[in-house]
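So, here come the structures, one by one.
Same chain, two partners: chain A is paired with chain B first, then with chain C.
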Partner chain A sequence: MNITFIQPEKFREQMEYLRRERGMDFLRELVGMDWGEEGIGAVYMLENSETKENVQVATRSTNREAPAIPTVSDIWKIAEMYEREAFDFFGIIFTGHPDLRRLFLRNDWVGYPLRKDYDESEELNPVRMFSENVENDCTHTLAPDGTLQRNPDTLFDNNEYIINIGPQHPATHGVLRFRLSLEGEVIKKTDVHCGYIHRGVEKISERLTYPQILALTDRLDYLSAHQNRHALCMCIENAMDVEVTERTQYIRTIMDELQRIDSHLLFISCAAMDLGALTTFIYGFRDREKILDIFEEVTGGRLIQNYNVIGGVQADITATFAEKVKAFCKYIPKKIKEYNDVFTNNIITRKRMVGVGVLGRDEAISFGCTGGTGRASGWACDVRKRHPYALYDKVDFKEVIYQNGDSFSRYLVRIDEIMESVRIIEQLIDNIPEGDYKVKTKPVIRIPEGSYHATVEGSRGEFGVFIESRGEKSPYRIKFRPMGLPLVACMGTLLNGNKIADLMTIGATLDYVIPDIDR
Partner chain B sequence: MYDFSIITTAIDQFLRSLMPSALATFLECVLIAVCVLVAYVLLAIVMIFMERKVCAAFQCRLGPMRVGFWGLLQVFADVFKMIIKEIIDFKRTDNLLYNLAPFLVVLSSVLTFSCLPFANGIEVLDFNVGLFFIMATSSFGVLGIMLAGWSSNNKFSMIGAMRSGAQMVSYELSIGLSMLTLVALSGTLQLSEIVARQADMWFIFKGHLPALTAFIIYLIAGNAETNRGPFDLPEAESELTAGYHTEYSGMGFGFFYVAEFMNLFIVSGIAATIFLGGWMPLHVPGLDAFNATMDYIPGPVWFFGKTFFVIWLLMWIKWTFPRLRIDQVITLEWKYLMPIGLVNLLIMTLCVVMGWTF
Partner chain C sequence: MEMKKPVIKSIPYEEFKDNETLEALVNELNKERTNVVVGALDDLINWGRSNSLWSLTFATSCCGIEFMSVGAARYDFARFGFEVTRNSPRQADLIMVAGTITHKMAPVLKRLYDQMADPKYVIAVGGCAISGGPFKGSYHVLNGVDKIIPVDVYIPGCPPRPEAILYGMMQLQRKVKVEKFFGGVNRKQSREELPEGPMIITNVPQETMNNKEKEQ
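Presenting the complex of A and B:
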């Protein structure tokens, strides 16, 4: 992967040029990086949503004390969140950023953990037995001399009616926390707090060998376990020039699609539960169980499956696999009709979803909301079509796109995608070629020096893996593109002015998974 | 029909022969109170069990199966657990109101419950403005809910209570209007008299179209009044965790829970009484042999049969529909149900005046 380096002084100008003249409207990833003596900075991966053209640029500052880079958060909306993450991990000060707070770590954390000279001693960051200081109703701005300034009480006024949704709340689907300022039932302002399940996967990975890192990807978005691992394996295989067998490609593609159906079934169930239709919730779980049974038979795991490995898959498919998958493909369309009868076509469901939380196409791209959410807004963002991998260029399937961008479109996209996934599986399941399920790789896996990147279409968006290698057994820097962070970032825009009950509708249909956001 | 007042009169005379009249009256009051409360609790247990099994059936599950045969003892175990649980005091709650609130809710529910005519002769409170009394007592339950939300000093509770207040006050209108429609047909407010006047035919048939409309409005509004089904937003668990009773533990919560189930029973009981003839058997004019056979089925069976049928209808709705949003709930009432109810009342009055009823 080619990365063009730009001086920080010219950076802003160049980025504006890329956005305006080259139409680079999608900021795929922003990877904070510590290059050691060459400086601290970030890699920006940009894409033109029309032409699918990709550009990677980077900028770095040699001042290790306070590395300053101009912000691009006014050019791409998602950059606001990404830059907060880079500030959190590397201490990069993005000049001009509206609100530079830590994103995942506590605000009393000492040091920037992903820097190579980070001091890990426990005296600096002991396990703190008290909650972080409450004075977090503040934004951060830069003083002219380059230091960060806290502005207390700028986020929420003292006499606003603020409620906490989460970290323990049934509607957040995990430990995410929203702080809402209410006026009656109407939401006036939203502030998202992430990091309650932050495990530092990227930091841990820097000292694990590549096969060991594989064990962590299933635990990011546990509903895209196969796809996540697929992306990482693919990235490593591409870097090492390992060609996997045809049989592996078939198995991986089928497993990815089964996982997608699994995730979308859970999406339907949870959306129904958030709207109060508990019966549909149970129906969805009943059918998801059948996929989990297939997974269990083949991989031995139901949620955490550890199936893909570098060069192939862990174990061959079982003798009854094809038969069971075919039975499932026959079974699920009937059940989709049942969901439609019970839930989708219900008048209350429609009233709750149609026109609620409209995300426009341009906003979706600017926020980088890929997956079902982006496609519901009319953005053809399916990685399977954009940058085909595995067997997706050989199978015939439709990219489901809706134009309205409201909650109901986001819901329908998932329903239709289940049917498309069934179609893909049906085309492949009868033709799985004979052959090895795994190619032999070297006992110790080293990746040649360089930067590598691979993306797959996860269950809820584009999942990307970026590896910077120095030729060692473990990566110099590894970055996973979270599918959920853009979705959470746009929550504020979608929520403000809506009612509390709409938070559940919008949150459910955006379909984020928290461990994927926090990593 | 067998008249149960023969038994009650016999007991009354027996007591009065033993002791002075005032003491006998006092003793009877105590006796009846105990009977009502026991019936109240037992029915609540039956209802909770029924809810679990009905819900399980809708969701392709079995429901509780482990405690006792078919999980029959599960609810008793739950009640026992709830009784022995600690009642937690919070520092910054308004203690008096906080502890008063569940009692207000239960009081309103028990008072309404005792108005129901269970069978010919078993009516605890039966006087000439019975229906009016029911409307009055059932509506002060919302006071308890509002107090619970206010005194808990919890923002979720507060929002739940405000929702509940807005909702129950609104739907009170529709309930009242649909009851009034039936009063126009029956010509009396006394519950025993209402049942007696359905001896030839139930009101839902006698009043045909307007009565049927009123019945549907009543079911919707009744569902809203009990905070159930698509209208459970005061305690919407996916939005407000538990709404107005978030901060209650032990029997404080238990009272809200029991009252909610019993309100469902009461709403269904009233529906059975004023629309479906209460304890009155199914009589079809002209078919004397059929009517005589129907009379062999005792009154309580009819009453509970009809009531549980309506309960089952409401449970069906609850376990099928998603939840409404607060503005949709209020719109439904003020823009649709209430105008329809008013017009319906007018039509019913017209029907009665012109004699267009069966």
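Presenting the complex of A and C:
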């Protein structure tokens, strides 16, 4: 992957040029990076949503004390969150950023963990058992000369009515925390807090060998376990020039699609439960167990399968695999009809979903909301079509796109995608070629020096892996693109002006998984 | 009157592992004999309590999804008396710590535990809650929830199978059965008797303390 370096002074101008003249409207990833003596900075991956053209640029500052880079948060909305993440991990000061707070770690955290010279000693950062100081929750602005100015409590006024939701709350689908400013029942302002399940996967990975890192990807978004691992394996295989067999590609594609159905069934179950329809929750889990049975038979794992490995898959498919998958493909369409009867066509469901939380197409692109959320807003963002991998250029399937961008469209996209996944599986399941399920790789896996990137379509968006290698057994820097962070970033836009009860609907239909956001 | 062995209807006694620990507990409790009336009431109350343990919905990551599976149709923990999950710690009897606990989450978990009404129980589900699991070496992960709250049952696995979770929950039921409700777990302690907590909070910065005093 080619990365063009730009001087920080010219950076802003270049980025504006890329956005305006070359139509780079989708900021795929922003990877903070510590290059050691060469400085601290970030890699920006941009894409033109029309032409699918990709550009990677980077900028860095040699000042390790206070590395300053101009912000791009006014050009791409998602950059606001990404830059906060880079500030949190590397201490990069994005000049002009409207709200430069830590994103994942506590306010009183000492040091920037992903820097190479970070001091991990327990004395600096013990387990602090007292609550975080809310006073620190204020906006930071930066003067152009790099000095940090603290503007206390500009986020919420003193006379605003603020309620706290989470981190332990059933409607947040995990440990996410919101602070909402209310006027009556109407939400005025939203502040999202992440990091309650930040496990520092990227930092741990820098100490592990490549096959060891594979174990962690399953646990990022556990409902896209296969796809996540597929992305990492693909990235490493591309870097090492390993070609996997046709049989592996078939198995991987089928498994990815089964995982997608599994995730979407869980989505329907949980969305229904959030809206108070417990019946659908029970139905969804009943059908989901059928997929888990197939996974268990082939991989040995139910939820976390650890199936893909570098060069292939862990074990060959079993003799009854095809038969069971075919039986499932026959079974599920009937059940979808049942869901539609019980839940989708229910008047309460419609009233609560239709027209609620509308995300426009341009906003979806600016926020980088890929997956079902982006497609519900009319953005054709499916990685399987945009940058086909595995067997997706050989199978015939439709990219499900809705135009309304409301909660109901987001829900329908998932229902339709289950049917498309079934179609993909049906095309492949009878034609799995003979051959090895795994090619031999070297016992110690090293990646040649350079930067590598691979993406797959996860269950809820584009999942990307970025590896910066120095030719060692473990990566110099590895970055996973969280599928959920853009979805959480756009929460403010979707919530403001809606009723507080719509938080459940909007949160449920955006379908984020918190451990994937926090990593 | 003597305490009985912790027998529950769902599984034969011999099929449980860890019978020795619980029998030792029974013996210890039997050292000082119990009044017949109090003992009979204890039995009745323990029977009731062990069959209506409501858990707090507390899931941070993958184990939470398996916990949801246990609640859904195929495994269905309601069969064994874990009728519902509660979203408020005030209404919960036990907390299933399903998932990794990070530095940022640790004070929240402690507070939730403190908010629960006694008698309360903790089950650590999965490798992360037991010891940090695959994230043990991380800068932001608490290596085991037993460092901040006392744990009654550990369920290993990554994530544990639903059967394992059910087994662990039944072990807790057995543990509840060998308690003396009167004069035992439910006795009110005086302030002097309070044991020193599992974690003494010493690293609160002066600034925060001052703020707290101001609030009061």
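Definition applied: the second predicted complex is superposed on the first by the 514 of 519 C-alpha atoms of A that agree within 3 Å, B and C clash if a C-alpha of one lies under 4 Å from a C-alpha of the other, contacts with A are read in each partner's own complex, and residues count from 1 in each chain.
One rule holds for everything that comes next: a residue touches a chain if its C-beta (ideal position, glycine included) is under 8 Å from a C-beta of that chain, and two chains touch if they have at least 3 such contacts.
Values in this document were obtained by computation on a predicted structure and should not be read as measured data.
Visitor: More residues of chain A are touched by which chain, chain B or chain C?
Guide: C
Visitor: First (chain B), second (chain C), both or neither: which does A:390 touch?
Guide: neither
Visitor: So, A:488: does it touch chain B (first), chain C (second), both, or neither?
Guide: Neither partner.
Visitor: Please work out whether A:500 is in contact with chain B alone, chain C alone, both, or neither, and reply first, second, both or neither.
Guide: The answer is first: A:500 touches chain B but not chain C.
Visitor: Just checking: does A:282 make contact with chain B only, chain C only, both, or neither of them? Give me first, second, both or neither.
Guide: A:282 sits against chain B and chain C alike.
Visitor: With both complexes superposed on chain A, which partner does A:93 reach: first (chain B), second (chain C), both or neither?
Guide: It touches nothing on chain B or chain C.
Visitor: Is A:170 touching anything from chain B or chain C once the two structures are fitted on A? First, second, both or neither.
Guide: A:170: touches chain B and chain C.
Visitor: Contacts for A:203 in the overlay, against chain B (first) and chain C (second): which applies, first, second, both or neither?
Guide: second
Visitor: Based on the A-chain superposition described above, do chain B and chain C contact any of the same residues on chain A, and if so which?
Guide: 169-170, 282, 286
Visitor: Chain C touches which residues of chain A in the complex?
Guide: 104-106, 108, 113, 118, 120, 125-133, 135, 167-170, 174-175, 195-201, 203-204, 207, 215-216, 219, 222-223, 266, 269, 281-282, 285-286, 288-289, 292, 302-304, 514-515
Visitor: Using the touch definition up top, name the residues of chain B that touch chain A in the complex.
Guide: 55, 58-61, 155-156, 159, 162-163, 230, 232-233, 236-241, 319-328
Visitor: Would you tell me which residues of chain A are touching chain B in their complex?
Guide: Within the complex, chain A touches chain B at residues 161, 163, 169-171, 182, 184-185, 272-279, 282-283, 286, 342-343, 346, 348-349, 351-352, 499-504.
Visitor: Under the stated contact criterion, what part of chain C meets chain A in this complex?
Guide: 56-62, 64-66, 68-69, 72-74, 87, 99-100, 102-108, 110-112, 134-135, 137-142, 147-148, 158-159, 161, 199, 201, 203-205, 207-208, 211
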